[in-house]
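In what follows, structures are represented as structure tokens.
Shared chain: chain A. Partners: chain B in the first complex, chain C in the second.
Showing the complex of A and B:
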């Protein structure tokens, strides 16, 4: 990896002015070309030397997706390069293939958990381009539960790191918050846990420590995530597990996953925290592996509800043949 | 009265207050409302964290014939569904102001042939259409699971909706 830049990075703020709301497609439009220039300058390679240009095809907000897709297509056309649409969630998974202290030796098949503010998806990753969504959240994503619990506790944003910091001084066994195992299926539910925290705070008076609430909430959350991940891997007979997405940076989750993996005799991989959140390096990595399989061209359109497995579904670039082979991930 | 069925109390024609004893009852009230929603209806949900907006919205979506719906749009901002009619499920929780809702194409949604459900509508009051159904959920003091749910219709299209619900008592 030579260069990876994020428009919302602190260093870019001075140059482009203020915080970038990821929902604002107009801001995307203003930022995308300067950002591409900057990343090429840092890498020291001209655009014409690239093997391909990749963009996020979905799932996501259609306005923002279109900015990326249109830019990628225009640049690819101008430079005679292949252009690839990559699934946002599949890209997250490719953090496992990027350099890191705890990703060395990662190999497929594996069961991976994508856990962020918007997603909690358990994926059986059989091979490049072959993915199956085993389970996902039915209501709130785990990262959303962290964020909303932070709000309930009067902590700042982003909520995940704030809850984790406060939880370090708390007792994770202080309050028995509910664990939603949902009849032992592979789906998740975190809305009830958030409500349990709200109810606890409303009814318990001042006789508790906020740090205990944070630690107990976090424990309830990571236990369910880690237990379901390990159990799914054992059931599918794979040798390894991994976690990616913003919440994968949580050290208590990493420890819980590592401990349970060791007990189950599984290898556990943890991408670098910076590569767990939204970034372009994972999109490039996913595209690189697709090129490797001689998949040089995809139908370069976007789909706000793009199911995992479709864009990486090779030999089928007919946009009319959008099937139901995989569960919709949106 | 058997446990789990909501107790309804109606005041004039445009407002209905319901006491929901449980999360399941909140979901089924949502479903009752959802079954009667049609193109052009706008449902604005508000209430504090953990008040039951997710449950109510899941009920609305089920009543609209959406299968497997109801994941929170807080971070995604918008989910789009095909039920009996097209449905847009939005969430203003993370928005810093009304202009950010405009960025996702909110104005186009208002004239789209669809049902629009918006959570945390109190964050973008200035953008709400005049004809709408307001749903306010609040925890009942002294009860862990009890919720007071107020349905208020603004505009004639949604007053008809409430009147129809009232008849179903």
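Showing the complex of A and C:
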């Protein structure tokens, strides 16, 4: 990796308790070109020397997706470069292929958990371009449960790091919050856990420590995530597991997954925390692997609800029908 | 010296307007009304424009963009496209208000010109041009209720155009009677050639902008931000 930069808007959206779509789009438009300018300067390579330009085609907020897609197309058009739309979730998975202390030797197939503020997906990743979503959340994403719990505890946004920080001083076994295993299927549910935290805070009087609530909530959450991940890997007969997405930066989740993987005789891989949260390096990595297997020349549209395993051009997954390098000018 | 090739783009209204012009008189113009403006449709149209012209992006000499006000998303797409192109090829970039383009599109109106864009919630984006061929409006660009705008305008004769004028034609007529002239629908959307002309004039006057810092002329905050500003805080 030659250069990787990121401009977070978390502080700006914090006072609203979540991302405000129009404000996010405006800020992205202000930030995207200066950031591209700086990343090119740091890499020391001019734009015209690029082989391709990749952007996130979805899922995500449509206004923000359009800023990225339009900028990517403009840069590509200006220099006659191919432009490639990448699935945001697939990009998260590619954190496993980036350099890191705990990603060395990562191999496919693997069962991976994408766990973030918007998604909790259990994926059988057979090969590049071959993914099967085994399970997903039926209600809140795990990261959403962290955000909502943080709000209940009077902590800031985003909630994940705040809850983790407070939980360090708490007892994870203090409060027996519910674990939703959903008849041992591969789906998840976190709204019950969030409600249990709210109910506990409302009814238990002042005799508890907030740190115990945070630690007990976190423990309930990571146990279910880790248990389902390991069980799915064993059932599918794969030898390795991995976690990515913003919540994968949580050290308690990483430890829980590592412990359970060891007991089950599985290899567990953990991308660097900075590459677990949203970043452009994983988008580039996913695009690079797509170029590598030369099925890349989509003419992608953005799609706020893009499902995993699909990029743009809905229903047209025949590589022969995709545009060639020149058609990608349009 | 070769003639300067200029690309003009505006997507701030329901019409995607594009033009490719050269100062030897060559031009191609496109106006798409009704189709949803998206990143891919802008570049599909830009690509077609270059194909029809038999030209390559490398021949481009300047970029002009309609910077709003108007649809937040549409304006942002055109501005992002213009910023990206100008940055990537180190081209001069000119931003022109969509209201200027509308006003300058009316030939010899002989009276004040008021372009009005529908801003929803019973509001308009507008400006008053004593003479639209003299450049920017002395009173600036406003976002207010139609009533407020007409109060500001006073009783003298005026020409109205834009989707905000068409939508509110009855209230305008009731207020101003025969002193109001409302332009027909074909004048209601910014024209690529007019944008290109204004862009070329401003380029010659040295009024270029930095692609790294250009932002649209929104004239209005997001609703969440407005609500937050209204709410009491400690």
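Basically, the second predicted complex is superposed on the first by the 295 of 330 C-alpha atoms of A that agree within 3 Å, B and C clash if a C-alpha of one lies under 4 Å from a C-alpha of the other, contacts with A are read in each partner's own complex, and residues count from 1 in each chain.
In this text, a contact is a pair of C-beta atoms (placed from the backbone, for glycine too) under 8 Å apart; a residue touches a chain by one contact, two chains touch by 3 or more.
What you see is a predicted model, and the numbers here were worked out from it, not measured in a lab.
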Item to check | Contacts of A:302 with chain B and chain C, given as first, second, both or neither | outcome: second
Item to check | Touched partner set for A:75, first chain B, second chain C, both or neither | outcome: second
Next on the checklist: Between chain B and chain C, whom does A:143 touch in the aligned arrangement: first, second, both, or neither?
Outcome noted: first
Next on the checklist: Contacts for A:152 in the overlay, against chain B (first) and chain C (second): which applies, first, second, both or neither?
Outcome noted: first
Next on the checklist: I'd like to know which partner A:61 touches here: chain B for first, chain C for second, both or neither.
Outcome noted: first
Checklist entry - Can A:30 be said to touch chain B (first), chain C (second), both, or neither? => result second
Item to check | First (chain B), second (chain C), both or neither touched by A:102 | outcome: neither
Next on the checklist: Just to be sure I read the superposition right, which of the two partners does A:199 touch: chain B = first, chain C = second, or both, or neither?
Outcome noted: first
Checklist entry - Considering each complex separately, which residues of chain A are in contact with chain B in the first and with chain C in the second? => result 21, 23, 25-26, 62-63, 330
Checklist outcome for this item: As the complex stands, chain A meets chain B at residues 21, 23-26, 59-63, 116-118, 136-141, 143-144, 147-148, 151-152, 191-192, 194-199, 202-203, 304-305, 328, 330
Item to check | Parts of chain B lying in touch with chain A, wherever the complex brings them together | outcome: 23, 48-50, 52, 54-55, 58, 68, 70-72, 74-80, 95-96, 100, 103-105, 139, 144
Next on the checklist: Give the list of chain C residues in touch with chain A in this complex.
Outcome noted: 38-40, 42-44, 46-48, 56-58, 72-73, 76-77, 79-85, 87-89, 211-213, 215-216, 218, 222-225, 228
Next on the checklist: Which residues of chain A touch chain C once you look at their complex with the stated criterion?
Outcome noted: 15-16, 20-23, 25-26, 29-30, 32-34, 36-37, 47, 62-63, 66-67, 69-75, 77-80, 299-302, 329-330
